[in-house]
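Here chain A shows up in two complexes: once beside chain B, once beside chain C.
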Partner chain A sequence: MKTNNKKAWLYLLPTIIFVSLFSIFPILRALGMSFQSGPLINLQWTGVSNYQYIFTDPEFWRALKNTLLYAVIAVPSALVISIFLAWSIFSKIRHQSFFETMFFMPYVTSTIAIGIVFRYIFNGDYGMLNFLLRLIHFPAPNWLDDPSMNMTTLILFGIWTSLAFNIVILMGALRNIDPNYYTLADMYGASGNEKFWRITMPQLVPTIAFLLTMNIIGAFKIYTEVYALFNGQAGIGNSATTAVYYIYNKFQMVGTPGVAMAATVVLFLIILVVTFLQRKMMKRIGR
Partner chain B sequence: MKFTRKIAVTAIAALALLGTAACSKNGSSSSSSSSSKIPAKITKKTTVVFWHGMSRAQESTLKSLTSDFEKKNPNVTVKLQYQGQYTDLQAKINSTLQSPNNLPTITQAYPGWLWNAAKSKMLVDLKPYINDKNVGWGSASASDINTDLLSGATINGTQYGIPFNKSVEVLVYNKTLLDKYGVKVPKTMAELRSASEEIYKKSNHKVVGAGFDSLSNYYVLGMKDKGINLSSKVNFTGSDSKSVINYYAKGIKAGYFRTAGSENYLSGPFANEKVAMFIGTSAGEGFVKKGVGSKFTYGVAPRPSTYNMQQGTDIYMFSHASAMQKAAAFKYIKFLVSKSSQIKWANKTGYIPVTKAAMNAPAYKSSKTSKVPAQLAKTTKHLYSVPVTKDSNAAYGQLNTIMQTIFAQAQKGNWDSAITAGKAKFDSSWKQ
Partner chain C sequence: MKKINFGLLLVYLFVGIFAIITVFPFIYMILGGLMSFQETTTIPPTFFPHHLQWGNYGKVFAEAPFAKYFLNTLITASVTTIVSLFNSILGAFALTNLRFKGKAVVKVIMLSLLMVPGEAIIFTNYNTIARMGLLNTYIGLVLPFLTSIFYMYYLMTYFGAISPTIYKAAMIDGASDWEYVWRILVPMSKGGLFTVGLLSFISGWNSFLWPLLVTNEDSMRLLNNGLSAFASDAGSETELQLAAATLTVLPILVIYFIFRKQIIRGVVRNDLKA
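And now, the complex of A and B:
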């Protein structure tokens, strides 16, 4: 049996203290608070009533549904589009670094600022998008002010914002593929398609697995995008409310931290399970 | 296996620690320092911290008022601390209530935000200060503050706040357009509907008649005009409630009414001549003026309803401060609501004066920069405020969401199911 070096603990001590104080303790505190009710200044133990409340609250279910919808649609779409874009930049386009920088720009811009610009693009009356749609005689929906369109708008916005990070990471991975593979493939007369599916994709699997994990976790924590796109509310009639939006609202606005923490614990468990399943899946694919 | 066991042991230990920490917290009751005497004079150097949510013209006016005060009271320093917009300020207060020593001396707030703080005795009852002859006015009536506004700053019947930056709702209309179509400025809700219909028809469905900025206010005041107060007992699917909702929903379906949607305020569409009239806060006149420019003439009229909503924050004092700080803070508050301060404040910001003397002062009434003062006396006869009870603030906020959902449904067809769904949400917002 291996034992850890005793001295190592000493060196790890500062990190252990900080991590337990600022990461572990908050998690435990959240867990404890989820069983308490009342305002922050006067918390009382109530048992599982907070959990009972959130599971009967239609708003909570809508928040979960929206979050799952977002994760299931926006993440894979964004990933597919970014693989396509990264591969195009990598294999077909000159001035790679210029395009790479261009695609990375959104990542260094604040989401709130992007949201303001997108509010103008999506505006139903004088938005750029609807102007273009009308030009080609397509129906021009009211992206921002129609509750049934709000999730679609959010997902489109989410896909756009997550492209930047994905492309840069994928470009790095593409560069790391041994060029000899391609040289060899060329010698044997492989087509572009074959090269992509037989060489590029298998080599990209670890990177894609990483991006998928990060993106899915990010999708479950989505908040800023909603706030920015709908001007400080969660869509019309809260139609685009998400899990974190629900938590923030209950904690800060309504003043029921217990309910917020119960929702946090549920969200934590969901992310845990999803990440676990996903890792299992990716391991199987990678094999 | 040994390592996992270690982790488990650590986790259990941590949980146990957490449990004891939480228990010990309940054990020590918060001690509310009952300040025995109010000092007559500020004899020592005293610092007052004031949290606020005022930006731009509001902030600069507040700063200049504060420096005026400091000149008159050299012993007092007032530290103005901007905490962001109202929602940010509310969140900041909420999270700081846990560590009372980090709270400011005084803060701007809606009473609903502080319901819990009042319950935990963290606020100062201001009545003794009001009645004090040196620091205050001697009595509430001597303060000359509008009684509706003053009673709006109470929590469970205790005078914890002093009204400061208050606003009401007014009707803003496109005078050029109304004159062109020969439409009279509406005085009642029935007239608002017919005027809106006429504008919508005569403009060939290009210009929407009217809209309300705050849908919560629309519903709460609509109910209040029918004699029903906002409380958990409101029957959301009852006939009164339905008639209030249907009035707006029918207009949206026919096209002559609209809502602000994700733009939050109608002053934008109003300036772009997409809507002819809207009901919004009097403090928003500056935005209207800036947006409209010289495109057309706008007018301001009283809200077409019996009751009007008094909005805006009051100033509250936290109980952890020293007796000297409290006295200094109250002197500052008294200065802020004095006649000359209020006239300056109202003229620069669009908020309404809280004292009767300032409201009737010629310097305010004959203001050349604002169209609100001339209408104010007519529209502040019956003021209503959101009652301060448990969850009333949450329910009031939830109403906005419910109305948005119903009105969005009305654009497409039948909205009865949305009202039924709204009832469930409304009722559940009172039980958190």
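And now, the complex of A and C:
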């Protein structure tokens, strides 16, 4: 066997070309542009002014605050619901694959199309949700047109969309738990609760940590969900704006690509830190 | 007499409620797309349309070029899938079976690039495509996605599972690397390749932000962009919006129901390894 097979580069060539052009170059370019101002065709070096701009821009802070809100409320809620659902399906229900197939549907379907259905269900006047709420004498808020409700609506939609992935990954992890643990626990007369907290949960910790970080990273990338839910806007008066929305707006609408790229670099760094923390956490759990 | 197990009942109730919450929007979408305008806006809401309004679909096709959107989406999703799969096969083969100087460096660079969020490079890529004069073209729509490090790594787990002795034996028998890839590696990893192809096609079908950036002509729009534009234009015609949404989702749902096992297994597999 050759130890230095130069032909390998030939096989890697297409990948290397595309990756250099559309992954490596854009990162460097984004970094460069974040220190430049002006329109795309006439960029001038202006140092850190873009960074100063975004950090004093209340709109940028709102985007980060919304992301944080989403990460703190939607992500854990969806995860808790998913754990309970996955465990129930796994341990108590006979038609496992049927339920798995059903719960996974939102993952493969277009967010835009589903967003249209949710706009209809959330409609303040004739929506199904408010009809049901009124039926049980609950307040029926204006989900879509009231700026103070927009984040709540987004979070509810976000929980709905993220259950699919969580459940399927958790089901996979549950199937990987050695059934002997349960057999043994049964022999010692452990209750269902004991089995869940003493065996299942500890075995699920790495998966939960993985899902938690994946979902938090996902929270920083939210765009399509907002677009779909508020028909192309970031909620009423930008009340549900997100980081990617902010970037898109500054890049495409306002025409300040430098500012957009500064925000991109910040977003990228945040995601990198989260990923790094995940690696560390996984290593610690692995030990 | 057997005691009713309230705990179990509660579990069934919980799973049942969430199953309904998950599936309801899909059913409501399909039914809503067949209602008349009055039925979509009545209080209490209509659930089953009185007469199935198949005409809604005719109106959707008449008001927006959905047939063209379908074609565009089919072309871009297929091309992206086939070419990126081809490139990933070659790359994954080189990184699995061949020994060469610099392999470790290539692997490290690729692995770190896996962590780069697509949203961080999509805008500068738009800039590149615009400069190449490729806005509103099929090439512009697919170019940045013709290779996927993610799928390359995914395939490496499949290729790595094939014993290296098979590669050695093929070499001794005088097969070239190229023959090994297409005669042995690919047929032996058919399942994995098929799954990767499915996942890639689905994500191509559902892509939104990239086509939104690089197309502004109606004739070049993909389904999801066409759909969201249609939803804004159709304004209050909820039944048409829902019919259009059904059109967008249905092909993928059909593929999903046929290949649900492969798709779910594929998603679980590539994420447990991460």
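Basically, the second predicted complex is superposed on the first by the 252 of 287 C-alpha atoms of A that agree within 3 Å, B and C clash if a C-alpha of one lies under 4 Å from a C-alpha of the other, contacts with A are read in each partner's own complex, and residues count from 1 in each chain.
By definition in this document, contacts are C-beta pairs under 8 Å (C-beta built on N, C-alpha and C of every residue); 3 or more make two chains touch, one makes a residue touch a chain.
Not measured: the values here are computed from a predicted model.
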Putting chain B and chain C onto chain A via the overlay, clash or fit?
-> clash
Between chain B (first) and chain C (second), which, if any, makes contact with A:Glu100: first, second, both or neither?
-> second
Larger contact residue set on chain A - chain B or chain C | C
Using the superposition on chain A described above, determine whether A:Leu43 touches chain B (first), chain C (second), both, or neither.
-> first
Chain B versus chain C as contact partner of A:Ile116, first or second or both or neither | second
Examine A:Tyr70 and indicate which partner it touches, taking first as chain B and second as chain C; both and neither are also allowed.
-> neither
Of the partners chain B and chain C, which touch A:Gly237 in the superposed model: first, second, both, neither?
-> first
Name the contact category of A:Tyr53: first (chain B only), second (chain C only), both, or neither.
-> first
Of the two partner chains, chain B (first) and chain C (second), which one does A:Phe165 touch, if any: first, second, both, or neither?
-> second
Is A:Ile24 contacted by the first partner chain B, the second partner chain C, both or neither?
-> both
Considering only the touch criterion stated at the top, classify A:Thr224 as touching first (chain B), second (chain C), both, or neither.
-> second
Identified clashing stretch of chain C versus chain B [129-137, 147-155 or 255-263] | 129-137
Overlap of the chain B and chain C footprints on chain A, listed as residue numbers | 1, 24-25, 29, 40, 119, 125, 231-232, 252
In the complex, chain B residues that touch chain A | 2, 14-15, 18-19, 22, 25-26, 30, 87, 90-91, 94-95, 97-98, 116-117, 119-120, 122, 259, 261-264, 269, 274, 391, 393-394, 397, 401-402, 404-406, 408, 411, 421, 424-425, 428, 431-432
So in the complex, which bits of chain A are touching chain B?
-> 1, 20, 24-25, 28-29, 32, 36, 38-45, 53, 56-59, 119, 125, 144-148, 230-233, 235-239, 250, 252-256, 259
Chain C - residues contacting chain A, complex | 7-8, 11-12, 14-15, 18-19, 21-23, 25-26, 28-29, 32, 40-45, 86-88, 90-91, 93-95, 98-101, 103, 106, 110, 113, 115-121, 123-128, 130, 143-144, 146-147, 149, 152, 168, 171, 177, 202, 205-206, 208-209, 213, 223-224, 227-228, 231-232, 238, 241-242, 244-246, 248-249, 252-253, 256-257, 260-261, 263-264, 267-268, 271-272, 274
Residue set of chain A touching chain C in the complex reads 1-9, 11-12, 14-16, 18-19, 21-27, 29-30, 33, 40, 81, 84-85, 88-89, 92-93, 97, 99-114, 116-121, 125-128, 131, 160, 163-165, 168-169, 171-173, 192, 207, 210, 214, 217, 220-221, 223-224, 227-228, 231-232, 244, 247-248, 251-252, 257, 260-261, 264-265, 267-268, 271-272, 275
